[in-house]
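Next up: the structures, one after another.
Shared between the two complexes below is chain A, which pairs with chain B and chain C, respectively.
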Partner chain A sequence: MAAVYMRRLGKELREIETEAPPAGLRLLKADDFDTWIFQIEVLGDSLYRGERFALKFRFDNTYPFSAPAVQFVVDSQMRAPVHPHVYTNGHICASILGEDWSPTLSVISVCITIQSMLASCKKKELPEGNDTYVRTAPDNPKKTHFVYDDDTV
Partner chain B sequence: MKVVINRWHAIAQWQWDTGRTDEHGDTEEDVCGICRVPFEGCCPTCKMPGDDCPLIWGECSHVFHMHCLLKWIGTPASKQQCPMDRRPWVTAERKVSGS
Partner chain C sequence: MGKNNVQDLLNNADIQDPFDFSQKILQDLDSAVRCKICSELYAAPVVLACGHCFCSLCARSQLSEKEACPACWKPATEDQLRINPAMEEAVIAWKAARAFVVRLATDDHIRQMRPQTPELRPTKKRRMSPASDSDIEMLEQPAAGPSTPRKPTKRPSSPAQPRPKSTARSRSSEPPVDDKLIDCPACAHRVHMDKINQHLDSGCKLPPSTVTTSAKQKDAWSKIFSGETRKKGKDRTGDDAPLPKVSYAVLKEKQIRELLAEHDLPTTGERSLLIARHQRWITLYNANLDHHPSQRRRTAELRTELRKWEDDRKAITKRGTAKEVAQAVNLTQHQRDNKAEFAVLVARARPKKATVAVSTSSGLAELDADGCSSPPVDKEHDLDASDTQVDMTIVDPDAPRPKESAILVE
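And now, the complex of A and B:
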């Protein structure tokens, strides 16, 4: 029998494949239940008009009782958005990915939250202490203890 | 004509009275918000639906498979809150159906 977390992810995947995902989101890769990648763009008026990003989800068997590890893909082709809550290594400081996670959230609801986090951005700037963080950050953003101090963006 | 019944199978249908379907007359998805399995199915760790895998109601009116909710409440990350509205989870008395 498939592990419990795979059954829940399988349901989410079937839903994404049968009903088109919300505007601006496209599933790029979901070959297994370890890593999924979405293309994400912000439609309408925003500082990120015309930009495309890739959002990577990593799951383990604690899903959905614990949040997936979510970050922007940073490689030879993709860059993370310049945003006060997004480090240049792709790590995202968002409370729903940490202490405000709930098992009723889903992959798509996380994508939508990240999309709206970008859409509401007023000024493209890097997070404070970006360089230091990126130098010392663990590979898995869930190992970082973020402090959520700003509810405005 | 004479009909003789040799054999018959009784078939019954059941569903949990979640108290939230008829009012709106809609086909509100009756799935557990945690595992996404219908209430009438069982949580992912059970094999048999029914009394062995019951539902649990919160005073906030949200319903889940009991096993799913207890698993969540058992994690420190839950802060003992309802996964839907983040209010402190208080299990409601099982209401007696009016119908």
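And now, the complex of A and C:
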């Protein structure tokens, strides 16, 4: 009998495969229960029209009691979106990935939140202190203690 | 990828989910009796103060992280949890009927999809009454159907029976009507009158399991002094009070070991591990009590589960994807790895005592920047005073989360 987190992720995956994921989202990789990658784009009128990003989820066996580690993929092909809550190393400052995470959320609901975070962006700019953060950031964004004080974007 | 392989897991028939049904209405029905945390059918459902329902173990695990309902964030605490016997009954009934409904639904779906085959069945009739086909199967089915034949066994139950669905899991091999069958007052299983004493003395073991005399003796006494011996109970499934929470901070390590020993749990390991183990035990134990007595697992099974949990916990630490829980362990490792550097920092800091904290933490912040995945900075600056790990390794999920590297974002 598989571990609880694998059973839960298995069910989420089955849902994604059975029902097509919401518009703008596409599952790129889910070969194991460590790392899943989604392609994400913002449909409709937004600053990110025509741009595609890859969102990486990392899980461990504390899922869903603690949030997955979620970040944009930054490599030779992919870039993180320019957004006041997204650092250039792909780390995202969003409260639901930290203190407001709830075990009733799911991979898809995180994707949708990120999608709407991008959709509602009014000005493409980097977060304050991006360079400092990127220089010192841990590999895992969950090890960063973000302070969430702007819920307008 | 071994057991981590997605396809292996998905092909595993053991995993059921709403998508076993192709009809939306049945998917919704199946989702309605599933916990929103683990997405399994509710096990020992409990309601929070706000009314949201979760498995007892899920709710307790979550509340130990954060005292709020995960669905609506209204404040919630473990002692406010109330069992939800109606939901439990619904889940048990649905479990019994589910395989049958899946079969019906699949047949129906296939029929709908099948191209028209007029020689077998006139199209018109099929369109008009898809239900009639199901009815035919229904009539054939009850003999094998899990729920129907139990009704007669259920009725002559004594008024003292705590919840009506208690016989749902009783041995179906028993003859349906036998007036010598009575409900066990402790576990509510149906037991032959001549065997009831033996059954009770055995701690409600069901036949065919045999009973040793020593176990008999012990449990007979524990029935009498149940208050006294409750915590020392062996494998009993009778009605028990939940275990109280413990303030570990005021206990010596030896006392924590004693607490563990009371439940026949391993007393090895560091203080943090002892506490984590005892806390998890209380959670597992209390969650088990939220099951109807007939559904409870035996204490031995809980111990096995605790052990499995501990193994998983170790696995996180190894993989280094740790959060607070595992950081406690990482910390000692980090301490060991960087002992030399700490020594240098301590030596440098010692002459000017007033600035100890500052210089040490900034020194460590640099280590952080070098990319070693180090534990929280805040925790560390008083580490070097002595080599012991006293408070730092206490794993207390209620404690505020340590800040690691504070980044201010507008």
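In this section, the second predicted complex is superposed on the first by the 153 of 153 C-alpha atoms of A that agree within 3 Å, B and C clash if a C-alpha of one lies under 4 Å from a C-alpha of the other, contacts with A are read in each partner's own complex, and residues count from 1 in each chain.
Here is the rule we use: a contact is a pair of C-beta atoms (placed from the backbone, for glycine too) under 8 Å apart; a residue touches a chain by one contact, two chains touch by 3 or more.
Please read these numbers as outputs of a predicted model, since none were measured by experiment.
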Joint occupancy of chain A by chain B and chain C, clash or fit: clash
Chain B versus chain C as contact partner of A:G90, first or second or both or neither: neither
First (chain B), second (chain C), both or neither touched by A:P21: neither
More chain A residues in contact [chain B versus chain C]: C
Which superposed partner A:P81 touches (first chain B, second chain C, both, neither): neither
First (chain B), second (chain C), both or neither touched by A:R8: both
Chain B versus chain C as contact partner of A:P68, first or second or both or neither: neither
Chain B clash site on chain C (candidates 56-64, 254-262, 326-334 or 380-388): 56-64
Chain A residues contacted in one complex by chain B, in the other by chain C: 4, 7-8, 11-12, 64-66, 99, 102-104
Complex contacts: residues of chain A adjacent to chain B: 4, 7-8, 11-12, 64-66, 99-104
Contact set on chain A toward chain C in their complex: 1-4, 6-8, 10-15, 18-19, 30-34, 58, 60-62, 64-66, 69, 84-85, 93, 99, 102-104, 127-129, 133, 135-140, 142-150
Residue ranges of chain C in contact with chain A within the complex: 1, 3-6, 9-10, 12, 14-15, 17-19, 36-40, 58, 61-62, 65, 70-71, 73, 312, 315-316, 319, 321, 323, 325, 368-369, 371, 373, 401, 403-410
Contact footprint of chain A on chain B as seen in their complex: 33-37, 44-45, 68, 71-72, 75, 77, 83-84, 86
